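Please go over the structures that come below.
Each of the two complexes below includes chain A, the first together with chain B, the second together with chain C.
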Partner chain A sequence: MVTGKFKSTLRYLVSMLVVCVFVFPIAWFGLTSIKPISAVFNKDRVVVFDFEPTFENYRVTVLGGLKSDTKSNSSILMGTSGEGAYDGRGSILSSLVIAICSTFLTTIIALLAAYALSRLAFRGSQGYMHWILSQRFLPPIAIIIPLVFIFRDLGLRDTHLGLIIAHTLINIPIALLILKSFFDDVPIEIDQAAMIDGASRFQCFYLVVLPMIKGGIAATAVLCFIFSWTEFLLSLFLTNSIRTVPVKITTFVTSTGSEWGYISALGTAAIIPGFIFILLVQNHLVRGLTMGAIKD
Partner chain B sequence: MRDQSKRSLLPRWLTSEHPLPWLFPVTSLLIVFGLYPVLYSLWLSFFKRNPATRKEKFMPSWNWEKLLADERVWDAVQITFTYTLLALSIQLILGLAIALLLDTDKRGFGVMRALMTLPLVVPPAVTGMMFLLMYDSSFGVISNSLYALNLLSPTAPILGTGSTALWGVIVADVWQWTPFMVLIMLAGLRALPREPFEAASIDGASSLQSFVFLTLPMMSKIIALAVLIRGIDLFRIFDYVKVMTDSGPGTATETLTAYAGTVYFKSANFSYASTVALATLILVLVTSSIFIKVFKVRF
Partner chain C sequence: MASVKISRLDKAYGKVKVLHQLDLEVDDGKFVVLLGPSGCGKSTLLRMVAGLESVTGGDILFDDKRVNDVHAKDRNIAMVFQNYALYAHMTVRKNMAFSMRLNKTDKKTMDEKVNWASSILGLDDLLDRLPKELSGGQRQRVAMGRAIVRDPDVFLFDEPLSNLDAKLRVQMRTEIKDLHQRLQTTTIYVTHDQIEAMTMADEVVVMRGGYIEQSGTPMDIYDNPNNLFVAQFIGSPTMNTLECQVAEHNGVKVAAIEDTMLPLPGDRNLQVGQKIFYGIRPEHFQITPQSVSAGSQPGVAGVVRVVEPTGPEIHVYLTLAGQDLCAITRDRLELRPGDNIQLQPDLAHVHLFDGESKNAI
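Then we have the complex of A and B:
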């Protein structure tokens, strides 16, 4: 039994090491966000823990404090100029509005389509599913250039509504396929029983089946929120003045240098909503990531 | 009888009995903002743009001939395939290994499995930043560790050197997406029946033998599915390259999507940028269709 015990201890240690490797970059980023400038940019050695923690970076990026206050006792000058250049409040608000609205829109219209695809047999439903799937695999770059023109003509360029539509477009195939797999889990006899009792198709959907897949809907919504919150390419092409958080952060890198303190503060703040949400949907994560192909 | 009375009020295709009202919102959105742009792209690719006059002329084959003769495109195709295949194999092997490691109900492993999912929610642009910080040639923690081990010289920064830049990007991708593979493989391992393994161990099979002859064949469907999803996402990689190297140094990390982006942003040649983007789409469709046929992937 000694070897058995040794083996299980070894397995535990190796697992811990692997997990630490995967958590390290996030931890390092978070640590950098509370370091004073002198510790971040120390050229002689890498500063790990021996520094005075400061929340200056968060004060500037998340709370919109003035940058000049922090720089008074520092000789390092770099980055973009302008007082509001590092104020991330507008970006956080934009990202939130866009993620929440597109999640709402995606979930509602995907629910309708997913129910029909799960319950109403019709000619071409298989082809329709394939079309939806092909939308998921469409590289965004293939639609982004015309989308810029279409959005310009419709007045949607550089608006919240435009990005809400764009993110909805990207999330629809994923949400639809996941939700269909949840609907497929509900026995069709339940619909039949409700309709024998006199419910219409829509009443059956809204009053009977929807409440049964509440957990699945929540998981889908969470994934849509995360996809929208982390999206980069569409936001980069479709907006100039409205900046979502991921795009805003990249503007902190300039030709004269990168403001690592501000980047790591806003970056760490951008990770937190995702962390909270993903821990809530651990049970349905695999189904979500495989678009319903693998049920957990 | 109830149905009869309803049918008299509305045509059937407007009632909730018919799929049309249910599918209408999704379908119209996908046609207007998904299908139409692809056709629009194709239309754009038929125009020759004169950079001097900024006028466009209808010449259907111009951009496509230019595409085939463009060495940067062929380089980008090669870089995209290299990137996809390297990152995919590393993620698959690591993902399977870590899944086997974490697949136990012993104390503490549940927390470790949850922690493994955290990289998945980091915005890819932020991931790029994290690795830029750690790669920094003067104060980056990864660079300095490699200097200490004599594996890297400060004169050849990871992302600034042609031979290592692509690896620098791949490491970020592997960090972010190996957890995806781990999760899927864990789900696959958990769904395996126990009996064949018990029978094999009674017959004296080693754990390596039961892995190769039982686990892998039984997991083949799930592995194919994970490879397909991940492979397509890798092929259209944009965020990491844009944030970390901006296709550089030179064009050492210029993938197809990055090249399309460069043509769009730097030379504003929208018709040619569309052509490059469509070429990416065609390659994705062809490669994934072959993969789906060969490995019989089903959703």
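Then we have the complex of A and C:
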């Protein structure tokens, strides 16, 4: 039993260590967001807790307040001049709209496609799956230039809709693959039983199989949301005036200095919507929903 | 209710033919069991009747109406699957009411039907539970409940008991038979378990390799197997089939295994030198310990290998002229491995099969 106890202690210690490794940067980031500039940049020592907390950074970035001092004029040089150059409210709203819409769109399209690929055999379905997977081989940067031109010609550049479509395009393959594996977990006899009970193919999908993979749908939606929420490259190239949070934050980095306070404040605030989204769906993030359907 | 007729039915997956020109008639209200080893095509046949597999050739008729191209949902059949296939997110009540919900039955009728089915199947107290909260037997009952509320023309069972433990299987077997006697719905039941087939069926259809080997009442198939395969497949312990050659001994035809002579029924047309299988069921031997017979009794000598008392009877596994066989006796004999015994086959129950064609002679 001694070894058992030792094992569990070790396991506990290692897991705590892993948690620390992952949590530390976020905690430090959060801490920086409430530090005065003198505590962020201190030549003599690293300031951890002994500073006077300030919500100035949040006031400017999240609440849209005016920058209280003019300790640097770098913003003027970099074109982030003017009132509200550090106001992140519009960005948060844009990011939310784009992430929610693209997640919704991706999930709907991927669900229908994944069900079809899981249940309906057609000539070349295997090759089709590989083709879909191959869409992820290419890094987005490789397609960004044609995409910019296409979107410009279609009038989608610098629109919310454009970015929603772009994120949906990038997300569909991975969402499709994940959802297909969840559909594959549901035995085909369930569909057949439903059809014998008088269900059409769509009723079978909608009334029987879909509720059985709720957990998988939630997990996929979370992934899509997080991808869209943190996506940088497409947002940077496809928009000018609409700035998603990641792009907005980069405008705080200028050639004459980085506004670490604002960066960390907006960055910390940006964690919250994703966090709320995950909280909302985490009840569904349980596997084994199909338990009891068949003899295990 | 409906009769089911299958005529010259073919099924092929690409170039692989799995069913060959099957003909089968299931009369209205009959309980027919499709029996065969795995891979014989029995489940495929059932699924074609259900409308879950396409028909390559031939016809399936319900009450003389061709249903080849009728969708599964429009065939008015009910099917119970081997793995139950319950809707995991619905309660027992909703599982059973699902088909009625789809065809928009009114709530009152729906409740009445569900209550009727649940009282027949003893599910009254479980109606508001989810499938995951039920035991295997209860789940199987829900699957049956889902089938009977539909009032189907034909019931289809695809190895419904093979996932249950032995005791429950026997109990459910009786329940299904009882249910059929009550509802009198035409039933097609697939199994690889010959005991299930024997105990439940009005008619057993033995299949192998995509062909129907024999069909008939359980007792008819047991007593008069058409060929060696059916003879060996039906019955437990299985029929003894000894490889012998027809010889002549003192002017009488006998079946010879080396020096051992087995008596033959006189009414068969046999040629001396013909290779045959000498089939006899374990219960059709008369066993006499050598000490008692003292060599005076006619019969063949065997050596006991294993003795298995089952209670009502004793199964004796023995070696006869180098071939293994089994005999069953209801006498309380004191036998030990290594004992010599005399065996007398009951000639009225000897089955002979041709050594080449394996068909009954």
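Here is the rule we use: the second predicted complex is superposed on the first by the 239 of 296 C-alpha atoms of A that agree within 3 Å, B and C clash if a C-alpha of one lies under 4 Å from a C-alpha of the other, contacts with A are read in each partner's own complex, and residues count from 1 in each chain.
Going forward, a residue touches a chain if its C-beta (ideal position, glycine included) is under 8 Å from a C-beta of that chain, and two chains touch if they have at least 3 such contacts.
Please read these numbers as outputs of a predicted model, since none were measured by experiment.
With both structures placed on the common chain, the touch criterion links A:Pro187 to chain C but leaves chain B unconnected. In the superposition on chain A, A:Leu169 makes contact with chain B only, while chain C stays out of contact range.
After overlaying the two complexes on the shared chain, residue contacts for A:Asp197 are found with chain C alone; chain B is out of touch. After overlaying the two complexes on the shared chain, residue contacts for A:Pro211 are found with chain C alone; chain B is out of touch.
Between chain B and chain C, B contacts the larger number of chain A residues. In the superposition on chain A, contact is made by A:Phe41 with chain B only, not with chain C.
Chain A uses residues 198, 200, 289-294 to touch chain B in one structure and chain C in the other. Listing the residues of chain B that touch chain A in their complex gives 2, 6, 15-19, 21-23, 25-27, 29-30, 33-34, 36-38, 40-41, 44, 98, 101-102, 104, 106, 108-109, 112, 114-134, 138-141, 144, 175, 178-180, 183-184, 186-188, 222, 225-226, 229, 232, 235-236, 238-239, 242-243, 257, 260-261, 264, 270, 273-274, 277-278, 280-281, 284-285, 288, 298-299. Those residues of chain A that touch chain C in the complex are listed here as 187, 189-190, 192-200, 203, 207-208, 211-212, 214, 289-295. Considering their complex, residues 8, 11-12, 14-16, 18-19, 22-23, 25-26, 28-29, 32, 40-43, 45-46, 109-110, 112-113, 115-117, 120, 122, 125, 128-129, 131-135, 137-147, 149-150, 165-166, 168-169, 172, 176-177, 198, 200-202, 205, 226, 229-233, 236-237, 245-247, 249-250, 253, 258, 260, 263-264, 267, 270-271, 274-275, 277-279, 282, 285-286, 289-294, 296 of chain A touch chain B.
Taken together, the chain C residues at the contact with chain A in this complex read 50-52, 71-73, 75, 77-79, 81-89, 98-99, 102-103, 130-134, 136, 139, 146, 150, 163.
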